[in-house]
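Following are the structures in question.
In what follows, chain A forms one complex with chain B and a second complex with chain C.
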Partner chain A sequence: MVLAERMRWIGRWGRWLLLATLLVYLFLPIVAVVLYAFSTKWTAHILPDAYTLKHWGSALSDVRLVDVALRTFVLAAGVTVLDVLLIVPAIYWQWTRNPKIRPHLELTAAIPFVLPYIVIAFGILSLSGQFIPTLQGTVWLLALGHVAIAFPFFYWAVDGAMAAANIPLLNEAAQTCGATPLKTLRQIVLPNVASGIATGSMLVFAVSFNEFALVQILVGARFETISLYSLDLLTGANADFNKLAIITCLTFVIVFFMSAASVYLNRGQTQTSRLVTGAKSTK
Partner chain B sequence: MDSKVSIESAVLPSDGFQPRSLLQKVTQWLADWLPALPILIVAYGLLVAPVVALLIQSFLSQEGGFTVANWAEVLASRSDRRAIVTSLGLGAVSATSSLAIGGPIAWFISRMLPVQRSVWLAILNMATNFSGIGLAFGFVAILGTFGMLTLAFKELGIPFAPPAPGSFWGLVLAYNYTNIPLFILLTISGMGILRHDWLEAAQTCGATQWRFWRSIGLPILTPFLGAGWLLVFTWSIGLYGIPFALAGNGATRKVTLITLQISDILQANISGQGNAAVLAIVLLAIAALSLLTYRWMIGRTAQWF
Partner chain C sequence: MGSVSLRNVSKLYGTAVRALDDVSLDVMSGELVALLGSSGCGKTTLLRSVAGLERPTQGQILIDGRDVTAIPTRSRPIGMVFQSYALFPNMTVRQNIAFPLTTRQKAPRRLDQRVEELLDLVQLNEQGDRFPTQLSGGQQQRASLARALAASPEVLLLDEPLSALDALVRNQLREEIRRIQQTLKITTLFVTHDQSEAMAIADRVAVMSRGKIEQIASPLELYETPATRFSASFIGNRNALELPVQNGRVQLGRALDVAAPEADSTRAIVFFRPEDVEFSNNGIGHPATVESKIFQGSLTRLHLVIEADGHVGRFYADLPSRQAAEVDLGSHVRVYINATNARVFAADI
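And now, the complex of A and B:
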């Protein structure tokens, strides 16, 4: 009996210790980054020597940072709009007119999960060099690349929403009433899958916003995004951890907001897309 | 698809309608495919074709003829071989430690009260959003020369230096920041399969907890844990941004990985692109193989749902 009780005691403490360690592990890097955003000098003690707000003022008035943020934002927004415009009609058509589209979309949607982004980036670089050299190094090629790697997130979100809304039935009703496909899409389909489109859009935005491999390989310094600027502030000749901390905080808040909103909109549906996103955006 | 048939029969003259002229055939084909064409072109053009191009490039010589020299060179090169082995090792160590830590934690969280559980799930989800270069910086900020932990040990007088962010174990720590939460989120649904009655039934029959886990718990959970391991492994070997930011460049680099090796060749823009293509295909093959195994494992979990 004594032994069993001791075992239970060890089990309870072991469990508590494991969970507490995980919490520390998950929060420590975040705490360190936030402290950097407010610290004066931090080279001697566990905590910074003193705290200040001056980095925020200088970061937010830094022209390069504002440019970089705008560029990243416009790119992510453009990629999102493109994905919406290209994919929604395709999914609508596969549900209502031509089911043969489905295997093609499902096959290609699996690729960004098998292939590391660096391989995709290298492949695009090599292929474009052979056939369309004029596009090389342009932001258009990068945007297309982002449209391609983010497309699965959007596809699954909207495909699920169309299944849930029973689009074939709604479509048939609309057609019986004499609506054209375009009118049906605008007035019947879109309102019914709006939450799926919003979810997918936020995931696409987050992927493009935080992406590093394609940006670095396809355009590099010609189109500096937040990822590239962060890298420069971390490892470059004039590294600036305080400014980097501010950028990291802002990026984290934006990406977290996007993903939390998409989880909220998507509540009740399957979790897969959300889980998969978290992993992929690290590449 | 009943609805589809009825729509088509409403739109087209009859079910037996055969387009006669070429023009009609083309029109018919366009009507079936046009709305999907743009995204199919983007997907095949920027996801499928590049891989095919890399595969071909890995067998092309400088002059454009067929050769296996690239493959021979990569397999003979000490640094490329080390990169492959290190990538595999890093993926395996990261996945195994995620399993060893994430597995028990997933079990604990699955047994918590709903409120407590949703708080934990929210924290884990939040952690998966801290990623890329920002995450790399987070680990420099705690493990670097002036990192929080490094300074803490120094100030407390403990003669222990945490692993440098660019070392193998530093990378494991940074990778696991995403991998452990991910592993927990992936396997937690499987933990619900193990019912508390079964543990009680086993105990009634005189089994110890250890015996229960060895004979009932682990065999049931193996496909779930295995699938989680494979996914974490696949994702880890493909990571690029974090190791690039942490491992440093050139001579200061302590760890060579397949992804870093590819990037080195591309950045140097020398004539070794054939070798980079070989490394890319190696990476692709490893990822594809482990994802196929993953699909097979997931198939084995289906019986429980």
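And now, the complex of A and C:
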């Protein structure tokens, strides 16, 4: 009996210890970066020697940084919109009309994980050089490249949402109600996979916002993004690590708020699911 | 309300799977026909073909005399209820019911009035503003029924609407579906694998097997005189005894004696119901051994064995439980089978 109680006590505290270790492991780098962004000097001690807002003032008044951030934001937002417009109808089509294309889409979704981004970038460069050389060096080619490499993140999120919502059945039900495919997509499919679209969009945005290899190879300094600017800060003659820490914080905040927005926008669905009382599952 | 006619409809998946095999069927206006059969017999494919969710490989489908074979689902005058309800989770019950009306562009005032009528019809007035996940299975299926009826379709299609419900709700909803169907006099096709459900609800039952309609008849006719061996084995609790044919007769000692179905058949299957097994005290019939007894409330099922002319026949009989209490396990009784309602088919087909 005593042994059993002791084991329970160890189990309870063990779980807390494991959780605490995980949280420290995840948050320590973020805390360190935030502290560094506010530090005057951080050399000999576990915490910075002193704190200042000077770096933030200088970074936020840096026109180049603001331009870079806006440019990257617009690119990531554009890529997200393109992915939504291209992939949602494709997955809807796959689920309702042509399940045979599923293996092809899954294979396509595996490519960005299998091939390094550098290889993909040179592939795009070579292909565009052969067929549409006018696109080379433009932001359009970069956007298309980002659409392609972010495809799997969006595909898996939306595909999972369509499976969970049983879209083929809802689609058939809508047809028997006299709905056109467009009305079905707008009023039935999109609202029921909104959580998947929001999650996928957030992932696409994050991928495009932070991507480096394609930006470097496809457009280079002609379209400087946050990642290129960060590299410049790291390797340039006037390396500014505090500014780099500030950029990291800003990136984190942007992605964090997008995640929070995604959770907030999907709260209705979560609440509805939670209200289920005695409803029999049909899946 | 419209009649439904299928003319030589076949549906092939690839070249090997024939889900529907030259099916012809006429459902009269206002009639409820149940499509009954085991899994994979083609009943759902037939229903989906009428709905337009499956395109027949050949044949014609007519609703109210109009050929709808090539018409898309959304333009067919049908309403459909699915086994798993298929309510739109993002809409309330009221919005779900209104959806078919919005696709047909009804005026908003008329639309609201119609939704209220339907909520009234399926007795969901209190639940109109709830989301499907906040309803029980029975309530969801009622909402689904109301949505199917919203646009006043000519034909109502029900695809195993009661299968996902528990027994009590199933019986209640079955009666309610029948009540509504008779009130609206709407032509209805009802798919089920449950024979008691089909018998209880339908004007006629179409028994399906391997993509074909084996028999279509009223529930009583189907129960009393199944036309095919499959119908006989599928409908009602029947005993089936396979016996040799001798001199044009099929016999099991002195317990059974019926004419063979065809003169040249060598073996026959005799189907008879447990209530047609008679117990005798006056020496008529053949000795049988009581192998087991299963108490079923007012009736007790006795499993009996007869040995005659080198053949062993095993079958069961239902006796009132008070009478069955006097029969001991392993005891010998004399029985004979009242052949009037027995159905005999050649076994070598």
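Before moving on, here are some points about what is shown:
Definition applied: the second predicted complex is superposed on the first by the 211 of 283 C-alpha atoms of A that agree within 3 Å, B and C clash if a C-alpha of one lies under 4 Å from a C-alpha of the other, contacts with A are read in each partner's own complex, and residues count from 1 in each chain.
Here is the rule we use: contacts are C-beta pairs under 8 Å (C-beta built on N, C-alpha and C of every residue); 3 or more make two chains touch, one makes a residue touch a chain.
What you are looking at is a predicted structure, and each value in this text was computed from that prediction instead of being measured.
Contact with chain B, but none with chain C, is seen for A:43 once the two complexes are overlaid on the shared chain. Counting the residues of chain A that each partner touches, chain B and chain C differ, and the larger count belongs to B. In the superposed model, A:183 lies in contact with chain C only, and not with chain B.
Within the superposed three-chain model, A:158 lies out of touch with both chain B and chain C [touch as defined at top]. Using the contact criterion defined above for the overlaid structures, shared-chain residue A:19 touches chain B, although it does not reach chain C. When both complexes are overlaid on chain A, the residue A:145 reaches chain B alone and has no touch with chain C.
By the touch criterion defined above, A:94 reaches chain B but does not reach chain C. Of the two partner chains placed by the overlay, chain B and chain C both lie in contact with A:175. Of the residues of chain A, those at positions 169, 172, 175-176, 275, 277-280, 282-283 touch chain B in one of the two structures and chain C in the other.
Residue ranges of chain A in contact with chain C, taken from their complex: 165-166, 169-170, 172-180, 183, 187-188, 191-192, 269, 272-273, 275-280, 282-283.
On the side of chain C, the complex with chain A involves touching residues 51-53, 72-75, 78-80, 82-90, 99-100, 103-104, 131-137, 140, 147-148, 150-151, 157, 164-165.
Put simply, chain B touches chain A in their complex at residues 1, 3-4, 6-8, 10-11, 31-33, 35-36, 38-40, 42-51, 53-54, 57, 101, 104-105, 108, 123-142, 146-149, 151-152, 155, 177-178, 180-182, 185-186, 189, 231, 234-235, 237-242, 244-245, 248-249, 259, 262-263, 266, 273, 276-277, 280, 283-284, 287-288, 291. Only residues 15, 18-19, 22-23, 25-26, 28-33, 35-36, 42-46, 86-87, 89-90, 92-94, 96-101, 104-105, 108-109, 111-120, 122-127, 130, 144-145, 147-149, 151, 168-169, 171-172, 175-176, 210-213, 216-217, 227, 230-231, 234-235, 241, 244-245, 247-248, 251-252, 255-256, 259-260, 263, 271, 274-275, 277-283 of chain A touch chain B when the two sit together in their complex.
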